[in-house]
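Structure record follows, encoded as structure tokens.
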């Protein structure tokens, strides 16, 4: 009967995959085929296609290669209890996460472009910002927190310091230990981070649009957007869809083999011996140096742009010096009047609902993945992550609009479809670190599957689950394209307000809006972050009666 | 053995990804019985216990618990629905639970209130002498403390059968016997049974009602401690059940339970048995240390020898003595009274003739009986 | 604008890309007059609007009764798909003929003008932007993103003495193409670019707030892009669709829009002040409907990458 | 002990988050020497080894390796720069490396080529009898196989000092002695030394040149095997170093190495020593089993008794005998020849008088000498 319950779960998951991934993709494929094979060749031979495709692929390959090591290194550094200002750094590292993508490019131009913040202040500006290099840098900064969080969650899942000590005692110095033990044990986590960053970059739009265009740097996603803006002509619409599916194909071609071949290889079965306690190591010069380096990075990559953004939000008009004389709250008033407040409410509801559902879906998938039945599911759900929001939204509209058009629920579905992979990979990376013997011991102690889930897997995976929740929540809250396409009167989301202010060309208002949003996030995410820290510290107060006993023992 | 044994394995076989770890094991355990599972490293002890617990599925045969079939090649009842208490060789403690909650865990699952479970857990921990670590996490415990937490957790489950996988490997004699007493008491009180995997012969012999010798995944012998010690079915079995020496000698039957043994110094008539040939024939002869009597003073011991190695073991001293028939292990109470090279004459009052078909068995696990002698460093 | 007796109200769905304040003002006014009608709005930039329409069409049909686009081209696209029903405003007399068609009518107008950062000599004609004075300092919006830019392109490409050569010269003069007119404006306001082609209303708004820019209407004129409205061929289209559209196109609606700060199609309705004697250039939209693809292709050859 | 011992601990102390695990340990190990670290569970054996290896930093005292100070309260040389080979109590095997690469690891770190390291690793694995698992990952090994991989890895490091934390807990006698031979050979060949943590008294006594008794984090006694067995400094020490009984008797000195002992049946003069009072005075008397001689047949044994429990241990049988002076443990070769309740008279030829100040030491670890008797289930 446990078996039947099992089968039920599997069936439900398969159903969800079909509904959220299969159907929309199928309907999009149908749409693309409207134009026959003609549209494909038209797309392929359109001027500039090759360049855009190359740019997209280049970004998707380069960004993870820089961002993932950066994030992982940060996590490994901040895991050391002896890092100065550790707590503060741990918070700041997450900052890029809370700055919405739709102002990211803008905040950087504000900060570093000619006549920007640093130019006014120090007379230095960065010409390369608009162009490939700028795009890569900003995307890296934006992506680093992801791998940082995944790595941190992984380390928190099962820190096994004794494995590293064994390496030291076998003659390996710190670096060699990192290379030969710590990192290999993190492989599944790093793989997850790489895949997610790869796809997210492949699909990113806002940053290339703002920073790429002036340098003549177009990507597939910007082309899709261009096609859509001309899509009152059905042909261009079909082109857009075809391009989007192209992205899916790229993702599939690169990821599916990696998942099926590499995935299992990276996994290791832990044995259940207690991993030894983490002990404070003496602070040395290298640690301090690294911390300083990190602080500097955060200042340049997060501090200055954010500051520029805040200044823009409180400055009367663009182009006037951000001196107190020119400060005003008008931007905030404009930002918050009209439907904005309600829409923020809606977005929060959606984000919370999506995050909760996604954390569950992700966990379920991570579990099924290890069965023969669910092996390929992981590679399937990532496909919808690869489609630009606008197109995926159309896919869902086509699939379910007949019944759900204009409701919040359709937007929720869109979020689930889009972000499932994000939640799944986050959890999946951590699962491998939990020794199977722990679950076996629980069952031999009389725990049924449900109890094992609650008492062994949940605590073990808690850090990963919190991170999954956090990531999906933030992403959903920032989401603009899908909801702006699926909303209707009465259930406006934040996107509507954002696009409105953008459409009015009121940079200040957009800035103000994103500042509000950031504050909201900080308020909302702080508890989750604290929770994560508690879990990763894994020190829970002893029950009262024990404390008493221990006193007289020994 | 009663009609409904607590445990019955029929032709049980287990394979791991091709590796055949267990095959054709037939085993029955009655209520109140403590069976020692004695075997060398890698012989399949843990595998057998895991199969009975329901952690690994058998690839062949059946497992019956209290008259119900719980596993065969097709189906398998999950561990939580088998009334077994398991001690894992590698403890398998939960890093996120403090000791108290770990031991309370099985009782919570059995539906007891948190406070009741904790109280019972405390009591159990105290009986195993680790009440003082109740609020610690496994990572903050010494090896033996971890192991005792594992023991407490197993005992905390109200089981019909306890599966103990080298439960005392990290415990000193005192704790070891305290725990064994605990288990025996439990078996008597509740009519439960226990299967106790170990490779410490002395421990197995003292503790168990019956000893199951397992080697290379097969059940070699299953009998009472005294039988497996004095009448091992094979040289491997002999090696598993305690110290001893195997010499080649000419042997013949000399009446009931009597042997005529010629160690190259004329025939001696001694107690014993085994694969005894009618007419005098060369055979492999097992001599346990307690069957050999050294004669330190005089020279009326029939067999001559020369001390090749000496090992002080506290209550007694091991003397490895070279003699015409081969190297023989002699134990004598007290500290060493002879040095390497000293002559010594000795006598035997019992011997056991090993079957011939066993040289192979010895070959394939390489565990010869004459063990490397640690005191002479030519090894 | 919710109505207690839901049964008696008729609902009307408007798809638009007009800016919120304008569209909201009009709707409020309309609902004030017609208590029994509730207007649902889907407002999005042209791209999303197109996507939504396309999605509707493939899932049971268009769900809009009235479409109010930001440019004629988009509207024409819908028209050629047969999404627009025959309709002309009740009294369209006030609206210039150029903005009137059998199925859609322009209700407000966007003007593409030149904005320069203070301290830069303003261009007298569009052609001046190709002068060395503006080398590497001009920004222009991408016509594939913004219909306003496409309109401008359409006009200048056909204008005597301009054509694609003009864009070639811009390019060789180091002009930068960004996405939207708004990015152009922001860049100019900041001083990242000295001059740029952008929208009059946002430019004046920025100037009003104090951004250090000057706005000029270069010869042969600021390019006018009218935003048309029309009613759809949706089956069981709301009866009030035509009425609403006519309201927007009529004097009442126009006044309100003007009040909300947009340049309406109907002259003499007020609205934000515009410099007197400004030159205005009207693209030949019908021609552009036919050849915008080739124009874009030609442009892509210059500014594409 | 030579001028520059391989290891010297001075007043060494270690605390874990408040828990004081080790204090005031002074220990010296000379080249070629094998020191057994004998102590009950939780006594601080692993902590000491970890401190020497550089895995935990001392909270007090100093550690010297081959004449260099490697750790004090302030600074600590990292493990990789101490020439030690460590066997971890919980193996600490790397889940992602196959056995071969695990054992090759230290040699690779020492700069040997991959192929050379692998060849050497194979050879080492074969010597420990697990060549057949070379390409498996730890998760696919039995407990004892895992432990042997840990041993191989430690031996694979070319060290001056080997730190072995209960290295044979999961191995059978045969493998155990094979490994110990390996270690001894290594020490002789390379002049290295070894510290061997265990709680198996017999093993420690046979293997070690000197035995360090550790209890409650303190070094209790540090002497030769025969001394710690026959002349333990305290009852705890006596408990650690082997079986025995503690009786209360009236004792007086009776000449050099002679005691007058009255077990309530008249004075006997026996060999022995310890805290001997001049005038007859009640004292706690340690009797090792090999100091007690049962007299099964006749009744000329001076002390009467009655068998309270019997335990078959293979080579010999334990008889726990109740007598006026208390319960005494008697061992006799061969299978049980008396049952519970049978009378038996016995004699002693040696005894050791335990110091008085030791009752406390007994109190705080609760490890009384008279161990719970497993055969009568009233425990």
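For clarity, chains are labelled A, B, C and D in written order, and residue numbers in each chain start from 1.
What we mean here is this: a residue touches a chain if its C-beta (ideal position, glycine included) is under 8 Å from a C-beta of that chain, and two chains touch if they have at least 3 such contacts.
Values in this document were obtained by computation on a predicted structure and should not be read as measured data.
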Across the interfaces A-D and A-B, which one involves more C-beta pairs in contact? A-B
Distance in whole angstrom between the CA centres of subunit B and subunit C is 90
Give, as an integer number of Å, the spacing between the C-alpha centres of subunit B and subunit A. 55
Nearest whole angstrom, what separates the Cα centre of subunit B from the Cα centre of subunit D? 21
Multi-chain touching residues of subunit A, meaning two or more other chains, are 271, 273-274, 276-277
Could you say which residues in subunit B touch two or more other chains, in rising order? 90, 140, 146
Per-residue overlap in subunit C, given as positions that touch at least 2 other chains: none
Interchain pairs in contact, sorted by label: A-B, A-C, A-D, B-D
Subunit A residues within the subunit C interface of the complex: 27, 31, 47-48, 51, 109-110, 113-116, 130, 209-210, 213-214, 216-218, 225-226, 228-234, 237, 240, 316-320, 326, 338, 390-391, 393-394, 397-402, 405-406, 481, 484-485, 487-490, 496, 499-500, 502-507
Would you pull the subunit B residues touching subunit A in the complex into a rising list? 53-55, 78-80, 84-86, 88, 90-98, 100, 105-106, 109-110, 118, 122, 131-132, 134-135, 137-141, 146, 153, 156-157
Which subunit B residues qualify as touching subunit D in the complex? 16-17, 19, 39-42, 46-47, 89-90, 129-130, 140, 142-148, 165-166, 169-175, 177-178, 180-182, 184-185, 188, 199, 201-202, 205-207, 225-226, 229-230, 239-243, 288-290, 311-316, 318, 331, 333-335, 366-367, 371-374, 377, 379
Using the touch definition up top, name the residues of subunit A that touch subunit B in the complex. 2, 158, 271-277, 435, 437-438, 440-449, 451, 455-456, 459-460, 538, 540, 542-543, 545-547, 549-550, 553-554
Residue ranges of subunit C in contact with subunit A within the complex: 17, 19-21, 24, 39-48, 50-56, 58-60, 63, 69, 73-78, 80-81, 117, 139, 142, 144-147, 176-183, 185-186, 188-192, 199, 202, 205-206, 209-213, 297, 300-301, 303-305
